[in-house]
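You will see two complexes here that share chain A, one where it goes with chain B and one where it goes with chain C.
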Partner chain A sequence: MSNNVDKTPDSKSHDSSRRQFIGYGAAAMAGLAIAPGITLFDLAHGRAPEEAASSKVRWGMLIDSGKCATGCNDCVSACGKENGFSGSRETDSQWIRKVEIKDLRNGQSHSLPMMCQHCEHPPCVDVCPTGASFKRADGIVLVDRHICIGCRYCMMACPYKARSFVHEELQDQNPDVPRGKGCVEACTLCVHRVDRGGQPACADACSAAGHNAILFGDLNDPNSEISKRVATLATTQVRGDLGLNVGVRYQGI
Partner chain B sequence: MVSLAKLREMLNWQRGAALAALLAVGAFAASSAGAHEGSATGRVTKPVHAEASGDKCVRDTAYMKRHHMDELKHQRNETMRKGIRTTEMSLQGCVNCHADKKTNSVLGKEGFCQSCHAYAAVKLDCFECHASKPKAITALHPMASQGVKAGSEADMAAKMHPGSVEPNTTGGASK
Partner chain C sequence: MNIDAFRKIEERAFYALAALLGLVVLIGLGAAHYMETHGHVVTGMTNQIVWGLPHVFAVFMIVAASGVLNVASIGSVFGKPVYKARAPLSALLAIALLAGGLTVLMLDLGRPDRLIVAMTHFNFKSIFALNVILYTGFFAIVAAYIWTMMDRKVKGFSKYAGFSAFIWRLALTTATGSIFGFLVARQAYSSAILAPMFIIMSFSYGLAVFIVVQSFMYAWNGLTLDEAILRRMKNLLATFVGAVFYFTIVYHMTNLYFAKQWDFERFILLDGGIFTTLFWVGQIAIGTLIPLAMLLHPTLGINSKSVLFSALLIILGGFAQLYVIIIGGQAFPLSIFPGMQETSTFFDGAIHHYNPSLPEFLLGLGGIGIALLITTIAVRILHFVPQDDFHHVSKDALTD
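== the complex of A and B ==
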């Protein structure tokens, strides 16, 4: 007891200095992360092929609707190219689409891409009767096509209309993205790229076009660019009222 | 004068006889063809497939014949559910090594997978979704070369201009 009383004021100062030190460390780390840019970014992603995805990481995206250009479709076409659908067929899947929204009262308009929001509590997983729809440890929501029976319950459950059904036989798939008739599918956050230390094709295409509206990163890492921006800026979860805690956040809507 | 009913009966009988004759001829032809091709090995010829491009398989042939499906299924669950992407037992690994040099595929009459599955009369579902061709060649497919930039190029561009991260940050912060 006396020990406790004795300790309180002293330990407080110790604690604060320790915290300060950690703060400096974090700041230094952040500096490192920004200065060499991609190098440290890759290091943060880097995971050995035999290492399983970890729940220490939660992949997410922050989309700045202020930078997302009206009429620009680069993320959508990049997604199709990466995952093997061009949109030329009537029944082609749609993993990402551009949405234009307008406030009729003041005429303010926004453009933004909409895709699977990679919910923490995904309704598609709740309703799946076979367990095909699942959330990976690192927060990426996927469909296991080996198990999917194509019932399309998940398409009904998704509040974001994010999922598509493959109606026709497909040929010449990307070896990294197996797709076929009879299954439901949606944005995988380019999981094959993420597992190899890359980022989704849409984010790459957006920065290649110079818009930089899509920021991909680890929401669990306080030093990641995305976490810092989510912590400091006003960001929105679309249909946040549903309490799904989505992984894709929007800024400026 | 032949009644309508009798005519119908006659026609039916004639059609049946014709069918039976056809079947008999067909069966004879098939059996004689089998006798020519089958040689000493039996009714069905052993599958013929192209050589693999690698030196040796990840396990010996006897093991792979017996267990490749179990290994593939195990790997599929590891990759799908946990994101483990080791290449030793991956389907992509099989295809990369075993694709026929002529057709660049594991399917087709002499394709590594299909020839044997046809022989064993086991349905081969993998390639309804998975690519039956190695990655490098698939990238040359017109589908893949459509659009402005390939994904890898965009990747390269992002890596070559790390500065693009910087304005992103400041722009975001000032908003």
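== the complex of A and C ==
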């Protein structure tokens, strides 16, 4: 199976009890074997349900660490609220975290959010044995939570430590964002919002706090704000030496 | 030494041993069940140390599985009669160890219930998926190989089967080593030397396991291993241990050559706490220098008890080595912003800690139980005990 096909489903199945059912039992697994198209992101309202994510678009973010405030954690809290995680024990999921970095040569420090960089050539997708890790045509890297066997090889392979493994049973989940014990997960770029024409919760929260450090947009559209800024400003790809061509860019570091 | 002597394994002792091993397996399965129902939160694994003790056990068994087949390869492919007599046992151990290792690997998955998914969804780019195919093929080829050795009607094919198994197992170990080699962002694993190092490790661990099992079988049957055979096997073992030692030195020297790897080397070799101790005491002293000295010693080297003891030390050292490679490699933080100091709530830039839990250990032990149980039962019902027929072994075949 090719890795960059769009696996977003035709979304005739909104029924979450059905999704629950899929979580259990061998019969359901056999069903999954022949219907890998049934994935978690079955609420695609931004575009017509049968319309596939298009490769004309490449979703990305530009993060301005100059605007990102040390001590501000609004993007992280917003992400946790949106996607249903909290806590910072070593076993807790953290799809996004604030990283404080200090240049050892000149002593300069920066604060910035770090999350899945939505690589164009994602190592997590390359190593995933089942194909559960995949990249949509529009550049968003996701985990198909029904195919992930929880081997955690993707976590070993990701250079950004962007992925988390669900270590225990979860309660009170957002039905838009199914998560589950024993599977690996990461930032989805709030695909459920993006597909409805919105933007990631972190970007919204950052604007709401008045920092505007996170700019979301289409890197393929030369007229988008993000493309213009990437074209004119000095932006960085974190670990650019790895040649992964990430979708999340940084400015000011 | 005749077949009958070996077949008279005392009934009761056999059942007691089988029951004991069965119990170890059951406890291991129970531990896996506990981990699955509660989630990995009951293990020492975290989002920082994602592969823990079960991987150490599993990788040891998988690597040893391919190495133990070396004995058969030397017999069939290179035509050495002493090894040929040991080929069936060697092939059996290969299957048994692989079964044990894979079971542990599988039961440590987040979703072991999705085995069918793993078998039906393949990402052919993934080295992991390639490994699954190689493991499955290994079972088939080695089983066929055992058949050609046991059944006179197909004996003519034995050499071909042996040769295929030989090639297959090299591919298998290379692929196992490459699982780590693909993790380019992790400093511990970005070395090209890892794959060949795994092959040589497999030779050493595999032969050590073989010698332990063989010693046990001889003792069980009240037999003594011929000194000439013992001498050859221990010389081979010493060669392998020396080769692993050499690769270990090269691995660390090449890392030291690259300035960006210094921090990592400092961690493993000097101030990594448990990992440094395991490296120097476990891998180097217990797993390499002491057994090497014993094996090469003029009198200890030909004493079957001390050879057995050396083999056990090599196995322990192997576990230490894999612990350092697998867990030490993850404990050292990823450098996401090279040249910068990093801190975060997700433990960026910090050394990660791992406290293995009892269930993980029991699961690993259960895997060893599986390997030994398969061996014990198979040895009893089929002819796996080496039969050296000295009338047919020319003298020069015994001296090299």
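Just so we're on the same page, the second predicted complex is superposed on the first by the 202 of 253 C-alpha atoms of A that agree within 3 Å, B and C clash if a C-alpha of one lies under 4 Å from a C-alpha of the other, contacts with A are read in each partner's own complex, and residues count from 1 in each chain.
Assume a residue touches a chain if its C-beta (ideal position, glycine included) is under 8 Å from a C-beta of that chain, and two chains touch if they have at least 3 such contacts.
Keep in mind it's a predicted model, so treat the numbers as computed, not measured.
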Touching partner for A:Thr232 - first (chain B), second (chain C), both, neither: first
Partner chain in contact with A:Asp92 - chain B first, chain C second, else both or neither: second
First, second, both or neither for A:Lys181, with chain B first and chain C second: both
Touching partner for A:Asp195 - first (chain B), second (chain C), both, neither: first
Touching partner for A:Glu169 - first (chain B), second (chain C), both, neither: both
Overlap of the chain B and chain C footprints on chain A, listed as residue numbers: 36, 146, 169, 181, 183
Sites on chain C touched by chain A in the complex: 36, 38-41, 45-48, 50-51, 109-118, 120-123, 125-129, 132, 179, 182-186, 330, 334, 336-348, 352-353
List of chain A residues in touch with chain B within their complex: 34, 36-39, 41, 47, 49-53, 64, 66-67, 74, 77-78, 81-82, 84, 86, 134, 136-138, 142, 144-146, 169-170, 172-176, 178-181, 183, 191-193, 195-196, 198-199, 201, 204-205, 207-208, 210, 212, 215, 225, 229, 232-233, 251-252
Contact set on chain A toward chain C in their complex: 1, 3, 26, 29-30, 32-33, 36, 76, 88, 90-94, 97-105, 114, 123, 125-132, 146-153, 155-161, 163-169, 181-184, 238-239, 242, 253
List of chain B residues in touch with chain A within their complex: 76, 78, 80-87, 92, 95, 128-131, 133-135, 138, 141, 143-144, 146-151, 154-155, 157-159, 162-169, 171-173, 175
